[in-house]
Each structure stands twice: as C-alpha cells, then as structure tokens.
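Each of the next two complexes has subunit A plus one more chain, namely subunit B in the first and subunit C in the second.
Right after this comes the complex of A and B.
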C-alpha cells in the first residue's frame, strides 16, 4: 500500500519534471533546450555508441577509485575520532570547516601536484567524499549507548572484538547514511574535476557538447547521470531504512 | 580558551608550520605549492594594490544575492508546501534525491539558455542552496507547537499574519539552520560555477592564474576564499549553536 503510493508519488514528480522541461523548451526555443522527446530519442541512439561507453567507463573507473579512497580513509578517521574522545573533540570543528569549504578552490593545487591525470581526478573526488563519511561515522560511534560499551567490558572483549562485534553493528545504520552522502559527494567531485579539466569522462563530454552547441548530447549525458545518481541514492536509502528498522 | 581549543590551535599551527618548512627546504617544489607565509604576503599585496577588488566584490555579491534569494524564496516555498500535506508527501522522494544528483551537470544547460553572464551563476547558487532552506523550513514548521495554531484561531488571525507573527518566530531557531546551510551551499554553488566557466569572478581569476602559472596570485586568492568561507561558516555555526542552546537541543 505504502509502496504503491510512494511509486505513484515518484511517477508524479517525474511527469511534472518532464512537463516543466517541455514548457521551458517551448519558452527558450529548440536550439538552446531541446524538448524531452528529441533528447530521449538521442539518448536511445547515443547510449549504445562506442563514444559514450568509453567516456562512461572512464568516469566509472575514476569514481570507483575515488569512492574506495573516500570510504577507506573516511571510515578510518571516523572510527578513530569516535573512539578516541580527545582527537574527536579537537578534530571535529576542523573537519566541519573543511566540509563547508568550497573545495573546487583547491582543484588547481591538486592539478599542480598530480597533473592532468587519473590520480588527480581520483584525489579530488575523494576530497569531497572523505569528510561526510568521517563526520557521520564519528557521530554514529559517539551515539552508541554507553551500556553497550560496559557490556563489552564485562565480557572482556579485546579491542578488535569490541569494534567488530559491538561498535560496528550498533553504528551501522548511521554509518551507511554517511556512506550514502559520501557516494553522492564523491560523484560530484569526480564530475567537477572532469568538467574543469579532462580529456575524457562524462563531465568533459558535457562541457565539449556545450562548446559545440550540441544541446541534445549535453542533456542526454545530464539525464543519464541524473538517473544513475537518483537510483544509487534510492538503493542506499532503502538499505539505510532496512538497517534502521532491524535493531 | 579550553584545553581542547589550545590543542586544536597547536595542531593547525604545526600543520601550517610543516608545510612552510617543507616548502622552504625544497621538499615540496615551489612551482607546486608556495610557502604559506608567501601566500599571506601575496594576498596582502593584492588587496593593497586593489587589482582584484572588482572580482572580489562581484563574487561575494553574487553569493550574497543567491543566498538571499534562496532564504526568502526557500522559506516562502517551504511554508506553502507545509500547508499542503498531500503535495509535501509526493515531494518527499524529490527532496530525498535532490542533493544526491550532481546538479552542476545542468550548469552548461543554463549557460546555453541564459548566455555567459552572471544569471546562470546566480541560478546555480540558488539551485544548490534553496532546497536546504525548504527542508529546514518544513522541519521548523513541523516543530511549531499545535497550541500556537489554536491561539491564532482564537485571535482570528489570517493565514499570512499567522505565518509571519506566530509561525516564523516559533520556527526561527530551526530556520537558522537552513540559513546557515543556504549560505555555505550558495558559496559552493557560485564558486564552482565560476571555476567551470564564467565571464569574470574570483573562481575565473583563480583558474586563469592556474593556466598562466601565476602561482602567487592563485594562492593569494585561494587563501582569501578559504579565509572568508571559514570565517562566515564559523560565525554562522556559532550563532546556530546559540539558537540550539535556546531551544534546548544543544550538544553538550
């Protein structure tokens, strides 16, 4: 019942968005903004093509490495700062101000260090993702009821045992929330890096299409990325809700 | 200052000192990163010479404008959506997904529609910031006590009067969280757009300086942006904490 209503709501939003797109298209003209129908027709032709596959693969590889780094480093920092109170108290405001910083500003530094390479884009993507993962993991561990820690001590669990059998399962739902935001921001970082300076990848494809005034291709790539991000987010959100209900 | 505060200051000082040392000793190539002290000197010179003033005013003006539009329009939209529960329910999946989509992919679309001017940049700033304000408004209005609505009815207040004179003050502490997010998101939206493509502005000047290997100017302006963003965010964070204490949900 609830599921069907949710599906209906999502469908309504999609329809409204398509109508708004069509209306905007009527307003500004076909050269600036092609309507949904021609764009989707172009999408059907463009997505199976070699050029799309190459660029999508480049973005995917870059995103995968960046995500690995974001999650690895973010979880490590988060767990450490969650367990060790003093480092948490010292580090949290620093992480928060880094989080709110527009990190694009630092992209030229990354470029100067790594050059126009995959490692540069991966680093930039990871820079976006690490902070939310670390901050939310930290707060997840801090929010664990103290009685759990006491029972771990009564059971004489070792440090690693405490982390694996107690801390991690108890903090998991919130940690997954952090991983979801980390996923989103890492993707944003990778795409920004590609839009600013890259020879391949979906971000650079959009910029190229804009410069060549190929509005259809530009919108097609945007629609594909939109769908990918929305679906991935829905999946992670679903896992998060399941974990919250588990307890 | 507390002990934790001193340790934090020491950690930051050591980090900056290490960077300075590594640059001075040549462990880090000066063509890649210049020592922090030189960044500061370059920034002071740049500010005194006034070369970049126009760009600075332009960028911060756009950020301010985008934040203002987001806060005002976001509050208005939030209030309307809150009044219509069915609409709100169907918008829920949209809000849950909004920040998951990298909206910068639509910046080129905006440029094609509006041309290479300040308009697409303002719009990107608003696009990144407004939804945070709408969500904060909805959360805030949810927490307005029911009894206030009854008070309004007893006094026969109209919808607008109720919104402005009762709901707004009651929800204010929660709304401020929205304002805080809107400002920092507007910052990110505007600067990122200027980096990707813009006729002028700080982001554009920094990316030009990067292409010209003009490291001094690049690092000076980066430092400026980082300092301004940090000060603004810290200020908003402190005010937000104050409000939070008042509404009794402060972190210890």
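Right after this comes the complex of A and C.
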C-alpha cells in the first residue's frame, strides 16, 4: 500500500520534471538545452558505447577512492573530536569555516601538488566529503544521552563493550546521515576536478561536449549522473530512515 | 564501635561524605553534598526527599560508585566503594535509558549478555523479569512503540535481571503522570518484597516517599544534609491504598514542615524561609 503510493509519488515527480525540462527547452532553444525526447534517444545510443564506458569507469574509480578517503578520514576525525572534548572545542570552528570555504579556490593548489593525475582528483573529491562526515559524526557522538554512559557503568561494561555495543549503535543513524551528505559532496568534488583538469571522466565529457556544441551528449551525461546520485541518495536515506524509525 | 551483628545488619553506609564539584573555566566550585551520614539496613526501603538541586542525585551516584566522594567513605556489604559500581548494586535513572535500537527483550538481556552469563540462564532471567514487570507481550516491541511508563519498566527489568541486592532509584517516575506514578509505586513495592533487596529511592514527591518507604530522609537545600529521618511504620504488605489512611497525611505533613523552608531557599526566598 505505502510502497505503491511511494512509487506513484516518484512517478509524479518524474513527470513534472520532464514537463519542466520540455518547457525550459522551448524557452531557451535546442542549442543550449535539447528536449527530453532527443536527449533520451541519444542516451539510448550513447550509454552502451565504448567511449561512455571508459569515461564512466574513470569517474567511478576516482569517486571510489575519494569516497574511501572521505569516509575513512571523516569518521576518524569525527570520532576523535566527539570523544575528546578539547579537540572538539578547538577543531569544530576550524572545520566549520573550512566547510563554508568554497574549496574550488584551493583546486589550483591541489593541481600544483599533484598535477593532472588521478591522485589530484581523488584529493579534491575527498576534500569535499571529509568535512560533512567529520562534523556530523562528531555531533552524533556528542548527542548520545549521558545516561547511556552511566548505564554502561552500572551494567559493568568494559570500555570496548561500551563503544561497540552502546556508543556505536546510538550514534549510527546520525552518522549515516553524514555519510549520505558526504557521498553527494564527494561526487561533486570529483566531477568539478574532472571538469577543470582531466582528459577522461564524465566531468571532462560534459565540458568537451559543451565546447563542441554537442548539447545532447552534455545533457545525457548530466541525466546519467542525476540518476546515479538520486539512486544512491535514496538508498542511504532508506537506511537512515530504517535506523531512525526505532528512535 | 558497633558490634559484628549490627554491622551485618547495615547493608550500605555513607560516613562523613561530602561532594564538591571542582571549579571549571565557566563555574566556581560547587559544594553539592554533605557532610552526611546514612546507614541503610538490609532489606529496608529508604526514600530521600528534598528540594530540587539539593544534591539528591549526587548522593545516589556517590553511593553507586558513579562519583567519588570528596571526603568521607562509602561502604557496601562491608567493602569500600571506590571508582566503580560494585556487583550487587542496580541503578534505575530518571532519564529514559532504554536503547531504541533493540527490542524490549534485548534491552532486558543487555547487561547479562555482556557479563558472560549462559544463554539458557539469560533466557530464564529475562523472561522472568519481563513477566514480573508485565512486559511479556511487548518482548518483541521497540521502546519507541511503548509509553514512558513502560519504557521505565524496561529499564527496571534490565536492572532486575542482574539480581541486585541494593536497588537505587533516581526519580524513576519523575517524568510520569500522577496516576501512573501511583501504579508504578505499587510495582516497586511488589519488586521490593519479592527480591528482598534494599531499596533507596530518590524523589521530589512527598506522597510517593510517604507511601513507599520504611524510612524517609528529608534533605536540606544545597549543600544537601539530612534535616530529619521519618520512620513510617508501614507493614511490609502495604500498597497504594494507604494514601487514604490518616497516618499517611501525618507523614506527608511532617515532611512538608521539614522541607517548606528549604524549598523556599532553593527558590531564592531566604527571607520567607524564616517565617
């Protein structure tokens, strides 16, 4: 029952988006924004091609490493700052100001360090994802009710038992929220890096298509990325909701 | 010196206990408690009442070994309590401490699973505790599906399965409505009779203290000290029906007499306290 309603809602949103796309296309013209029909027709031809597969794979590899770094470093910083009060007090304003800084201004520095390499793009992607993961992990740990810690002591739990069986599950829903935002921002970072300085990857494909006035290819890549991001986001949101439902 | 027989009768004791919270960047040092003496007899039901902020919860945490006293000693079953919660003491807190990510059954089993008890024994004790607290049919439910009173019963079950000999209750019904509190009071009495444990109840409700306890300690405003110890003289088989007895009114009346001035002090009316 609820599942069919959800599906209906999603379908309605998709239809509205397609209509808006068509309307915008009428407004700005086919050179800037091809309509949904020619784009989807192009998509059907382009996605199975070798060229698409190569570029999509390049982006996926880069994104995978960047995400690994975002999650690994972000979780480590977040846990440390959540547990150790002084580090949290010192680190939080620094992380927040870094979070608000447009990281694209630092891309030249990354390029000068790493050159046009995979490491540079991975670093730039991770720079976007680390901060939200760290900040939300920290707040997740700080929001654990103090009475849990008192209960742990009255139930004679060891330090490790307290962390694994109590602190971790208590903080998990909010941490997954951080991972979800980290996912989106890491993808943004990787695509930006590919757009500015890369010979392969979906980001560079978009820029090339724009320079060659191939609006259909440009939009096709955008649609694919949109679908990928929306699906991943929906999956993580579903996990988050399942965890939250019990709270 | 007390005799050995009298010592055996004393289950837990605080002597000359004070607790001063050290100074921090934002706050001056706070003298929360004492100096204060208290002897809990084995198997008795003792309530502590006092104005808010008088150090009642500090008293409980010091007795439980959750906080170190600044001075004085804490004894439980003839041993000094220091730095960790001794085996045999169970605590139920005011805040909801049930874990939302596990079922009622798993919540109740939590402490046993972490302490290496055999599976069959865990099952027996948890089923028993849930049946006793009237939670059997909610064993597979999650705390979010239960009312506040039932969640507090989950926390009591979690403590109960560890078979504590001294049960410390820190305003466990503070967040519940008055009727539910009366009924929960009956459950606590039932629990006290069946386990034979010593119970220390912290509460701000004079009627709750008067109805449940053998003895009641009335505490002063901060730093908390005992102003009066009231002996109720109820039979062990009491329940919430005693609230209609004249003696009940006398006890609550005496407690209010003890505490009225102190409560005004904690409200910041020192002048009125004298009158």
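One rule holds in what follows: the second predicted complex is superposed on the first by the 235 of 247 C-alpha atoms of A that agree within 3 Å, B and C clash if a C-alpha of one lies under 4 Å from a C-alpha of the other, contacts with A are read in each partner's own complex, and residues count from 1 in each chain.
Criterion: contacts are C-beta pairs under 8 Å (C-beta built on N, C-alpha and C of every residue); 3 or more make two chains touch, one makes a residue touch a chain.
Please read these numbers as outputs of a predicted model, since none were measured by experiment.
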- Query: If you stack the two complexes on chain A, which partner ends up touching A:145: first (subunit B), second (subunit C), both, or neither?
  - Reply: second
- Once the structures are superposed on A, label A:41 by its partner contacts, choosing first (subunit B), second (subunit C), both or neither. neither
- With the two structures laid over each other on chain A, which partner does A:15 touch: subunit B (first), subunit C (second), both, or neither? neither
- Query: Which of the two partners, first being subunit B and second being subunit C, lies in contact with A:212: first, second, both, or neither?
  - Reply: neither
- Touching partner for A:235 - first (subunit B), second (subunit C), both, neither: neither
- Is the number of subunit A residues in contact higher for subunit B or for subunit C? B
- Message: Just checking: does A:157 make contact with subunit B only, subunit C only, both, or neither of them? Give me first, second, both or neither.
- Response: second
- Message: A:53 in the overlay: touching subunit B, subunit C, both, or neither? Say first, second, both or neither.
- Response: neither
- Message: Identify the residues of subunit A that lie in both the subunit B contact region and the subunit C contact region.
- Response: none
- Item | Contact footprint of subunit C on subunit A as seen in their complex | 145, 147-148, 150-151, 153-157, 161, 165-166, 169-170, 172, 243, 245-247
- Message: Quick check: in the complex, which residue numbers of subunit A touch subunit B?
- Response: 6, 8-10, 12-13, 24, 28, 32-33, 86, 89-91, 93-94, 96-97, 100-102, 104-109, 111-113, 180, 183-184, 187-188, 191-192, 195-196, 203, 206-207, 209-210, 213, 215, 218-219, 221-222, 225-226, 229-230, 232-234, 237
- Note on the structure: The residues of subunit C that touch subunit A in their complex are 61, 64, 66, 84-85, 87, 89-91, 93, 95-97, 99-102, 110-111, 114-115, 142-144, 158-159, 162
- Query: Which bits of subunit B are touching subunit A when the two form their complex?
  - Reply: 4, 7-8, 11-12, 31-33, 89-94, 96-97, 99-102, 104-109, 111-113, 184, 187-188, 191-192, 195-197, 203, 206-207, 209-210, 215, 218, 222, 225-226, 229-230, 233-234, 237
